[in-house]
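The next part holds the structures, each set out as structure tokens.
In what follows, subunit A forms one complex with subunit B and a second complex with subunit C.
Showing the complex of A and B:
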């Protein structure tokens, strides 16, 4: 049931959510970027550039306590948050990233550390005229509890789950033709350039020297991995305080030399060339084989993060050009 | 804090005995504090946990047919294994697991087995060898072929001697080189040389390989020359830096596979075409 939200209704909805969830909403920073931050009252910034940081970090944070150990072999787990998080203002790419990580971490064996943060979380998506330059974002297809739609003459809301329906109770209904002025056609997640690069990789048609050229530009900062909403690799660290040890996990990057290096010195990813190929191959070929979906949602964060211009889009454009030149 | 129910929670176990195998390797005998069996199968590994030093993947070196005590052969290679080497009997350490796909016993039953290990690879293979010893009726014949760098690097020397004395097993080993001051008078040369000495029935023979990465291709080439071709004939266990053991951390991925949960034991045809696997 489509609803119309006046400004006071939207604020009321935010209050309803904040009663039961730890509400995070997009807020504009002084440099024009938007971040998901705890709601302090007022209206969130629904339209604008993509969220600067990946929303998946709410469920898979950069550093996370896994458990505590004591000298006697005792183990204690962290308590779940008092209120589960509510993420508001997610576009279709943000939601695709969350769906990918959900499938990865919640597939058996279920990752309890991820589940601890993810359980009970509320996802509020955004579509309609919410793009950076006012362009139309595609409709959401049930990946969220509730969809906010920026229409030309106001804010609409459409529930996708029972929780979403409950949260919208009492607000005025909107006629379905309120959506008529919007382009509500779903779009393919991956742009053609990435699909073409994926096909070339699958068919082993990328010349080896392409990877050497790209690798020569990598400065191994790990920014591509840390910005990526579907990157899930982690390392483990211990910190000991007297008789108590905190065991945590933290994001790791497959672009670092030690990522796969073994105690024996053997390193299956022992060159930048191998590591660079792995990053792209993993997203575009290995993940579809494993999960039925590419591990790239085309959000562009790695391209914005990479200081040397070898993020996913830039690299795939170059890959396709190189293969065209080679006639492969 | 709440009671543990976590993929990442180690279980406490007691170190029972420690014995030297080589100047770099020791054998640790352990038992879970609650007295329960580890519940492993030959070819599986555990994550060994020491507070302050995180974890390391270690293969279980004995067979589940040998009771509730389990054994780990560990080379001193870094901070965690260095600390482990300093522990005395009675110490408490943590383990998670057992993890991973074990040796595929169903596919090996009734076959003439070629069990081939290089270096530390003898530790996981010893679990299978002991299983074969304890269930002799399940296998047609068992050939053990082992290669180490030098006589001092030979693991499980007492076991090697016992296996050589056994009427049910054919055990041969070789070293790459002999130092000038050594009194070793056994075989020298690389592992494929031992293979050429055997009389095999290739139609009814399966091979299991565990060793350092450089070992695989030459040994596989020799096995194929001897007639082991086709699917499900050569099984191998791959070494990777498993950190979580449950397919989540990404450190042991081989293209679309995860060594800790899809492996570490694979059929050759599952990984041969994957980049970086062998």
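Showing the complex of A and C:
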């Protein structure tokens, strides 16, 4: 049921959430970007550029303690957080990224570390007039517990789960026509250019020298992977502090030479060309085969993070242009 | 969870990042700053991993004192008293110039300022220097002579407006990746690119022209290009007439550098040289980008002079999209120079030999100051080996791996009567010390850093230092106090206020003004917006000076006994002596062991396969490394990165020094190779 939230209601909702969850909300940083950070009171910045850091990092952080070992052979798991996290201000692409990682890490065999952080988490999405330039973000369809909708004349809220309904209890109802001024049509997740590129890849119509040309521009920063909400690869490190050893995992990048290098020195992905091609194939060909959906939610983060302009969108545009040229 | 805005600790590009901390007060990640003019939401691999070494178990957490040959924990008061007493006693007995102080391009402006103040006001010596001696001392000397300022003339956003980039002696995409990416972007929008490098660096793949001169022959190559520009009448006559002096002598000096003679010296085909000269001279706006390939030679200053001549000849100074752009290697090597952590100048390059400058600093610090320039770091090692320098304080440097001729450096450090080291890890140098003081790393203290484009920016504390570690500025204040020099600064902001009061180029810089995206010096007053481009309209020295140079070969070239030319440098994933990157999991995994690049023809001649352990020896030392067979290096040349203690390239390198800048010839020495 659609609710209307005055400012005091919204603050009340935030307090309700913060009682049971560790509430993370978008905050405006001094450089103008927005990051999800613990709520310190006050109103979060719901509208603006996409969250700078991928929200999936809350469940799969860049560096994460997995367990501790003592020299007597004892194993201790990290203490669970006092409260599960609540992520507020997620757009449809953020939620798609979380859904993708959920499926990856929670499909059997379940990843315990991911589950530890994910269990009980609350997802609060945002739609309506929340774009960077006030543009309309598409509606959310059940991927979150609760949807905040920025309408022209105020903030609306729509629950998608029982928890969402409970959190909205007591707030004033809004007439459904409050949504009438908003474009509430769902959009296709993948833009046409990515779909077209995916088809060309699936049909193996991309010339080899295309990949060489693209890979020559890669500076192996790993940014495309680190920024990507669906990238799930990690490495493991052990660090020994006297009698205690910490085992952690950390984000890895398939664009690095040692990602698949074997102890012998043999490397199945031993050139930039192979690695670049694999990154795109994985997202646009292998993932659809395995999961029925591409491993790209078209959030644009890799394009923004890539210093040399070979993120997913830029690359796919060049790929389509190249294939058109070859085909004509 | 907390996000702290700060400046990247690695190269001199000046990227800003958020350090992300968890509820335990530990760093767990890094996010690039989207709204920053340099990082623009992007980082290189080292930047993305800038948090990774901070909580490493080998961090130093207590002061250490050598007792019965072993470094053992002690309390701060004991350690600080001992450092002061021992250095003071040596100065008392043998004179202040028997001490040497090494500052750090990893420390903040404020810390470098305090260290040079400690050397000069605390102990009465100008013997203070830092690792700029090993990287861009040739630039500072050469450009100061020709233009009046030794810094990068232009800004990084100039890559967006240039017509052509000439990259010489800079592996930009690996060593300054975010600057390398600007060059690639310029290329994408149609700007020209000339790469001059003996190795086929990645940038060479994108170049219109890639010239591969033999290492050590750049002066001949550049003189040849300039002679050709004059022969073709492509020089900028108006600029030369209006802005420059000494042109006639310069023009006369080029006479002998015909394309054919230059080809014989450099190995670059004459036609390539002519093409490069014409392309460069025909560009309306051309940027020259250079780094260690130019500076680290026994004629490094001449190399820089030649580049300066080339820019002046074609009028590529003082305009957007042009300029001489030395890429500074460390995040504060520009600042450490600016702060006077050099033997001949106070902050802002005010000469110690200038009575007016000396009087100003003497009055501000309340002590008389020495008037004779001190020892360069490289000369100090020679002096220590000879017993003339007897006490040394090293802050955040690891000369045992970074200086040329490791054997000599080891001998020098071991011979010292007293060595104190301030550092964050037990480096190879720290292990030779009598006292080790544990420092806070960049993520654990406040300060400011000056990037390669002269952008002064804030570094901010994100987490507490480990154990009893303290910020370098706090350690230096404690030592200043023991020397009787008041140092009751509440924090780095107050130190910056003192710097600004004494340093004209920083006079308008204050912590409140650094809250945005920093300020580019010169910034002479509190309203000044900073200076993105130097030498607009007139050069810092007035008229720019053409400085004639003559080619002379490297000091040690291959011969029958040592038939290979050894080139040294860095890889993209490691940082200098590896104290931080080799303790960062992803970076260390990428390159785990010393290697030597060898050309396939040479490998075939020695019957070597990939990853084969080999022994490489020079007249100074011998190391082991594994082969990496690649045509990145020309035949007859080997390349070894200097990060690895297990195969220290600097055990081999030659400490033949440039007579003016004191920089060693890291880029050329003669070695032989044997299968292990």
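Throughout what follows, the second predicted complex is superposed on the first by the 327 of 328 C-alpha atoms of A that agree within 3 Å, B and C clash if a C-alpha of one lies under 4 Å from a C-alpha of the other, contacts with A are read in each partner's own complex, and residues count from 1 in each chain.
We adopt the following convention: contacts are C-beta pairs under 8 Å (C-beta built on N, C-alpha and C of every residue); 3 or more make two chains touch, one makes a residue touch a chain.
Just so it is clear, the structure is predicted and the values come from calculations on it, not from any experiment.
S.K.: After the alignment on subunit A, I want to confirm one thing: do subunit B and subunit C clash, or do they fit together?
M.R.: Because the two structures are overlaid on the shared chain, the partners are seen to fit without clashing.
S.K.: After the superposition on chain A, what angle is formed at the C-alpha centre of subunit A by the C-alpha centres of subunit B and subunit C, rounded to the nearest 10 degrees?
M.R.: It works out to roughly 80 degrees.
S.K.: With the two structures laid over each other on chain A, which partner does A:161 touch: subunit B (first), subunit C (second), both, or neither?
M.R.: neither
S.K.: Quick check on the superposed pair: does A:290 touch subunit B, subunit C, both, or neither? Answer first, second, both or neither.
M.R.: Touch status of A:290: first partner only.
S.K.: Return first, second, both or neither, reflecting whether A:33 touches subunit B, subunit C, both chains, or no partner chain.
M.R.: second
S.K.: State whether A:109 touches subunit B only (first), subunit C only (second), both chains, or neither.
M.R.: first
S.K.: Determine, under the contact definition given at the top, whether A:254 touches first (subunit B), second (subunit C), both, or neither.
M.R.: It touches subunit B, and subunit C stays clear.
S.K.: Per the contact definition in the header, classify A:269: touching subunit B only (first), subunit C only (second), both, or neither.
M.R.: first
S.K.: So, A:235: does it touch subunit B (first), subunit C (second), both, or neither?
M.R.: Both: A:235 reaches subunit B and subunit C.
S.K.: After superposition on the shared chain, which partner residues are touched by A:24: those of subunit B (first), subunit C (second), both, or neither?
M.R.: second
S.K.: For A:306, select first, second, both or neither according to whether it touches subunit B, subunit C, the two together, or no partner.
M.R.: It touches subunit C, and subunit B stays clear.
S.K.: Give, as a whole number of angstrom, the minimum Cα separation of subunit B and subunit C in the superposed three-chain arrangement.
M.R.: After superposing on chain A, subunit B and subunit C come no closer than 10 Å at C-alpha.
S.K.: Would you mind listing the overlap between the subunit B footprint and the subunit C footprint on subunit A?
M.R.: 235, 237, 240, 252
S.K.: Residue numbers of subunit A touching subunit B in their complex, please.
M.R.: Touching subunit B: residues 66-73, 75-79, 104-105, 109-113, 232-238, 240, 245, 247, 249, 252, 254, 259-264, 266, 268-269, 274, 281-282, 285-287, 289-290 of subunit A.
S.K.: If you look only at subunit C, which of its residues touch subunit A in the complex?
M.R.: Of all residues in subunit C, those touching subunit A are 1-3, 5, 16, 18, 20, 22-23, 27-36, 41-45, 47-48, 51-52, 55-57, 173-174, 177-178, 180-181, 184-185, 188, 202, 205-206, 515-516, 572, 585-586, 589-590, 610-611.
S.K.: Quick one: which bits of subunit A touch subunit C in the complex? Just the residue numbers, please.
M.R.: Touch list, subunit A to subunit C: 24, 29-33, 35, 37-38, 49, 52-53, 57, 61-64, 81, 216-217, 219-223, 226, 235, 237, 239-242, 250-253, 256-258, 265, 304-309.
S.K.: In their complex, what parts of subunit B are in touch with subunit A?
M.R.: Touching subunit A: residues 1-10, 12, 33, 49, 51-56, 75, 77-78, 81, 92, 94, 212-213, 239-241, 243-244, 246-256, 276 of subunit B.
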